[in-house]
Amino acid sequence: MERIDGRTNDELRQIHIETGYVKHPEGSVLIRVGDTKVICNASIEERVPPFMRGQGKGWVTAEYAMLPRATEQRNIRESSKGKVSGRTMEIQRLIGRSLRAVVDLEAFGERTVWIDCDVIQADGGTRTASITGAYVAMVLAFGKLMEKGTIKNLPINDYLAATSVGILEDDSERLDLCYEEDSKALVDMNVVMTGNGEFVELQGTGEEATFSYTQLQKMMELAQKGVEQIMDQQKQALGKWCSHIEEK
Amino acid sequence: MERIDGRTNDELRQIHIETGYVKHPEGSVLIRVGDTKVICNASIEERVPPFMRGQGKGWVTAEYAMLPRATEQRNIRESSKGKVSGRTMEIQRLIGRSLRAVVDLEAFGERTVWIDCDVIQADGGTRTASITGAYVAMVLAFGKLMEKGTIKNLPINDYLAATSVGILEDDSERLDLCYEEDSKALVDMNVVMTGNGEFVELQGTGEEATFSYTQLQKMMELAQKGVEQIMDQQKQALGKWCSHIEEK
Amino acid sequence: MERIDGRTNDELRQIHIETGYVKHPEGSVLIRVGDTKVICNASIEERVPPFMRGQGKGWVTAEYAMLPRATEQRNIRESSKGKVSGRTMEIQRLIGRSLRAVVDLEAFGERTVWIDCDVIQADGGTRTASITGAYVAMVLAFGKLMEKGTIKNLPINDYLAATSVGILEDDSERLDLCYEEDSKALVDMNVVMTGNGEFVELQGTGEEATFSYTQLQKMMELAQKGVEQIMDQQKQALGKWCSHIEEK
Amino acid sequence: MERIDGRTNDELRQIHIETGYVKHPEGSVLIRVGDTKVICNASIEERVPPFMRGQGKGWVTAEYAMLPRATEQRNIRESSKGKVSGRTMEIQRLIGRSLRAVVDLEAFGERTVWIDCDVIQADGGTRTASITGAYVAMVLAFGKLMEKGTIKNLPINDYLAATSVGILEDDSERLDLCYEEDSKALVDMNVVMTGNGEFVELQGTGEEATFSYTQLQKMMELAQKGVEQIMDQQKQALGKWCSHIEEK
Amino acid sequence: MERIDGRTNDELRQIHIETGYVKHPEGSVLIRVGDTKVICNASIEERVPPFMRGQGKGWVTAEYAMLPRATEQRNIRESSKGKVSGRTMEIQRLIGRSLRAVVDLEAFGERTVWIDCDVIQADGGTRTASITGAYVAMVLAFGKLMEKGTIKNLPINDYLAATSVGILEDDSERLDLCYEEDSKALVDMNVVMTGNGEFVELQGTGEEATFSYTQLQKMMELAQKGVEQIMDQQKQALGKWCSHIEEK
Amino acid sequence: MERIDGRTNDELRQIHIETGYVKHPEGSVLIRVGDTKVICNASIEERVPPFMRGQGKGWVTAEYAMLPRATEQRNIRESSKGKVSGRTMEIQRLIGRSLRAVVDLEAFGERTVWIDCDVIQADGGTRTASITGAYVAMVLAFGKLMEKGTIKNLPINDYLAATSVGILEDDSERLDLCYEEDSKALVDMNVVMTGNGEFVELQGTGEEATFSYTQLQKMMELAQKGVEQIMDQQKQALGKWCSHIEEK
């Protein structure tokens, strides 16, 4: 079965990362993965949440939202509903947790990095695109702190990127599902990995279906390959900051 | 006293209107007024709110939001606070009311036009930029309905655009305040006008200050001049749809 | 076209201001404008909101509500709905802003004046009646602070009152619309003015209609005339405090 | 120990019931019990809540609120807090339940009587004053339905009134506590009774104290005496409707 | 008319109190009254709520909830609804107030005892079972504070238990209503009493019915008898702590 | 490094499943996994949520909560906070999705199975214990529908159970973490599997840590072994219903 956009099963969509997209945030990125577009802003706040005060450590937290018409059908705005959906909470917890895995929280004082991922246009893979873009925005924000002399070193241990893999109705494993594929997939798996090839998060779900250990292995292979290519794009966007990351 | 960006007192900032910005909505616009950037999406829903059912008429309603880091300081997301602020409500009611003034609600059946104005970057005048951009997005959405044959005529009576005027500390009246000016203005006035030079909305506020009838007159003159120029930009963005509007 | 209550187009309804209406507040007023009745209470709190602390200045803020059956149809209580409507927020922001325009915030220490406007019976013009009544309640509350010796001078720069003007279906401009007129008006404008004839707020709205510059001018004239007469009533209610206001 | 206002222990405060207070509601009453003032409005709605539909029966429900400055200290408005307090809920459930005890729900069709008790000024006993006033407003609203020919008979089985009794620090039992007494009372009991001397509600609370069976008996005696006198006031306010109630 | 479970009118259901039910709380009890089962946990918090700070006194407060399927029909979870119902608030206020009547708040420092009553299975009388069980859990929690040496004496003045009485359709007064009886009762009365036979709370309600003074007296007798027997069960559960209570 | 409770790294805690725990629900289970205790109730509702109406299919949905003192420190009740936390939402979505993977939604008509998992006592692994217990409760509820003749066959395709695995600070992989271990684990992975050894959900998280592909493989092995043993307990609890499941 051919893919709707003609890709091979192990082929990513086009990725483009534009830095400095919004002028106010310390780090700001517009990431496009195929037709998915997400603005990722990183803001530095000069304090930590109450549960962390007095420990001399920093914190990284994330929020995620979609514009109401990022999708084919308009969604009701979460501010109008007066509450954040379970899906949104799940995603923003995932983004925050993933980023923290490569950050040295002890190394930038009692500060919070707020990550805001706002989906402008959605075509599948918004959560993994958010992680990939947010990583770049976060590094840029830390870079700004270095340039201002607030911190001496980049408190980042490694690269970090994410992608999705899945199993379609014809039992084929595929890399980087677009919305059309995602909505028909039997199994959907989000994988967050570091530059040295280790896993940070693995979330696989059989939507009214199951998957075998062999299938799991094949999906891991695809994900690994995809993440490596995504990191090439991140490195281009990060420019001079790469050497600071690779020192570690 | 010179303006911070070197403009004369009766000079607008650069305006740019990009159509087709997001792919899903029936009408989608990215409007830039100086450093203020707003995505304005218009979505057609095939029903009206409960209070209007069975009258054979349509409805136009608007929602407005800012990305958390559209501003110098990060704002808490309204979905996280669980409620929409008074300021937001005021603005979205203003946008909806303004648009309805030039729409023939009887002429497009029991449908709702949802306008979503999402501020990506804020530098003063976000509510007037939203109205100006939303008007274009709305016309494009109606245009799509015409192209699909759902409606025969464009249910639009006239052009519509908005700008701000104000009085600064040196008592000068100025057109199209940027954030720096707006935050120091003694008087702030938002003006929404039609193509034939009539007023739709006039909201003038002395923030711990007052203004005289003479000052009111001077501000009206500035606004009128500004709105005319803004409409030139709208016409370029609307292209072929202008003739449908001007028929009326 | 005759007015429903036989008034001429430039004629106000009967106004009555009763002071000392509720015993606990520092200032308490029952204002009646025709059949509209509003209780306006002013309370002094010995602190300011968090965003103003440490500046040595005071604050004036307002809340507005209607009893559920102040209107022809019973409205659901906002406390039951769990949120304040956009209309209510708009009105209470307007009341607060208007009052602050004539108050010297630097002159009464870190205190907050809470204005509560509760509409007992509604027949049009509840927001302008609220401003007119709230002004009197606020002056009385400051008066009580003077009598207790807490402050030396009345921190009030001028008189303040509000009224509405509008354009009816027959294109006539009219002063002080009652509910019956308001619900049919093409244009509705609320005007807040000071004792020296300057504007504080001007909010004009064409409800699915527009208005010309000439009509704007005629409405301003009516409003000016109306506000002057309303201030005569305020002066009677304020008694001895008038001389303190007029000193300035 | 003498009472603060010089009353004997078995003496009520002055009661005054003014009918027709607000013009829109079907029944409207301003009740004063000493310095406690409550507006009680009764509104007829032409349907019942979902859980009662299709049974051919009516419903009576009540809401209760205080103006923020009805009390010595200003209270935060429940609409601003976004939720109704436990105290308010308790009171409005009590008012509704009490009224339903003397209403023939089968006799006025699928209609709801909404009772709104809004405390303008509080000086103790606001919940019992509300019940007493609400009863009158409800009878007047049913009276209006009779006059319009909607119902043939008054669906009311008996009179209904309420008062409070309590035990003070000197172990004296007292009738109709004012705020000063109430705040110091060891035991506080609210009693709702019918015209034939039966109990509808009895809510006695030892606030960090207890009471004996003998004390309970003495309080019941006081309550009974008080309620009889309150009913005399209700009868005056109800005028011609008394004969309809007494027929039953 | 015979009771559905064959009891005589003055007979309690089987009561069983199991202590140490959950391992974490300072005091934990599973109480069964017939088929009603409630987990009552008492937790000690090392501070008091804001309104009590700095007075050197402690506080006792309670929360009450039902599992969604504790009842015949599944109820929507209050956390999903986003608010606590009026019934729940009424009950938790009642539990807290009742317990405080026998606690010496001055005697255990600025600490809060949190009582959590969670109904696992409901068959009538959940609020009185909660009070009875919560009393035991609270004493056990204070006992733990004594054993740790935090306090020297048990800050408890007396025993405390609760039961319900009611009047059924055949005018019979009955003790300890099960759900089947409760749902048909004309009058429902909850009685909270101390070990020395005094009343703490008395809440009698005629649900669309009334009751006479004679009936009140009969119900009080039943309640008194029932509470005495319930206290026998409490004493067994409390074991060695009884002597500390009886010392007072 | 030895485990705190003396288990070997591939050893489960004691599991006990008690059926019929609460009398009202169609299926009710108390599951204990070590010191973790969860009540799992399954309720049948005779309709589906709005988004599924008219498709002739059923639905399975889950809710999860903890008693406030199920944990070492008391948690604020989510009903008091007025919103459900992100963690709770994540868990209840996981439970529902997992169960649906083995249910034939087409085979039981337009009905909803509500699963309520209420944690009475928590000691790690509450979400996996919930899934394991909920599966049993759900099968019992379907069994009741079969016994009533509402459905002919058990709409269940396979067994389903869940467990956790993790990596501790000494890099050892361990099965079924208790709270003490979980709070110190570098990696935490929840695995939901079917009777035929396939995966339904895999959620692995490096909490400020990462894991390699080799470690992933070891964890999968442990999980598989654990789930098999847990299913033995489920089979004992399910008794006669096992043959219906195994037919498929």
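By written order: A, B, C, D, E and F. Residues from 1 in each chain.
Throughout what follows, a contact is a pair of C-beta atoms (placed from the backbone, for glycine too) under 8 Å apart; a residue touches a chain by one contact, two chains touch by 3 or more.
Every value quoted in this text rests on a predicted model; they were computed, and no experiment measured them.
Novice: Taking each chain's centre as the mean of its CA atoms, how far is subunit A from subunit F in angstrom?
Specialist: 28
Novice: Measuring from the mean C-alpha position of subunit A to the mean C-alpha position of subunit C, what distance in angstrom results?
Specialist: Chain centroid spacing, subunit A to subunit C, equals 51 Å.
Novice: When the C-alpha atoms of subunit B and subunit E are each averaged to a single point, how far apart are the two points in Å?
Specialist: 60
Novice: Name the residues of subunit C that each touch 2 or more other chains.
Specialist: Within subunit C, the residues that touch at least two other chains are 82-84.
Novice: Once you draw an edge for every pair of touching chains, what topology comes out, line, ring, star, complete or other?
Specialist: If you draw each chain as a dot and join those that touch, you get a single closed ring.
Novice: List, in order, the chains that make up the ring, beginning at subunit A and going on to subunit F.
Specialist: A, F, E, D, C, B
Novice: What does subunit F use to touch subunit A in their complex?
Specialist: 83-87, 89-90, 92-93, 97, 100-101, 105, 189, 194, 197-213, 216, 220
Novice: Along subunit E, where are the residues that touch subunit F in the complex?
Specialist: Where subunit E meets subunit F, its residues are 22-25, 28, 35, 39, 41, 43, 45, 63, 65, 67-72, 74, 77-84, 88, 114, 116, 118, 120-121.
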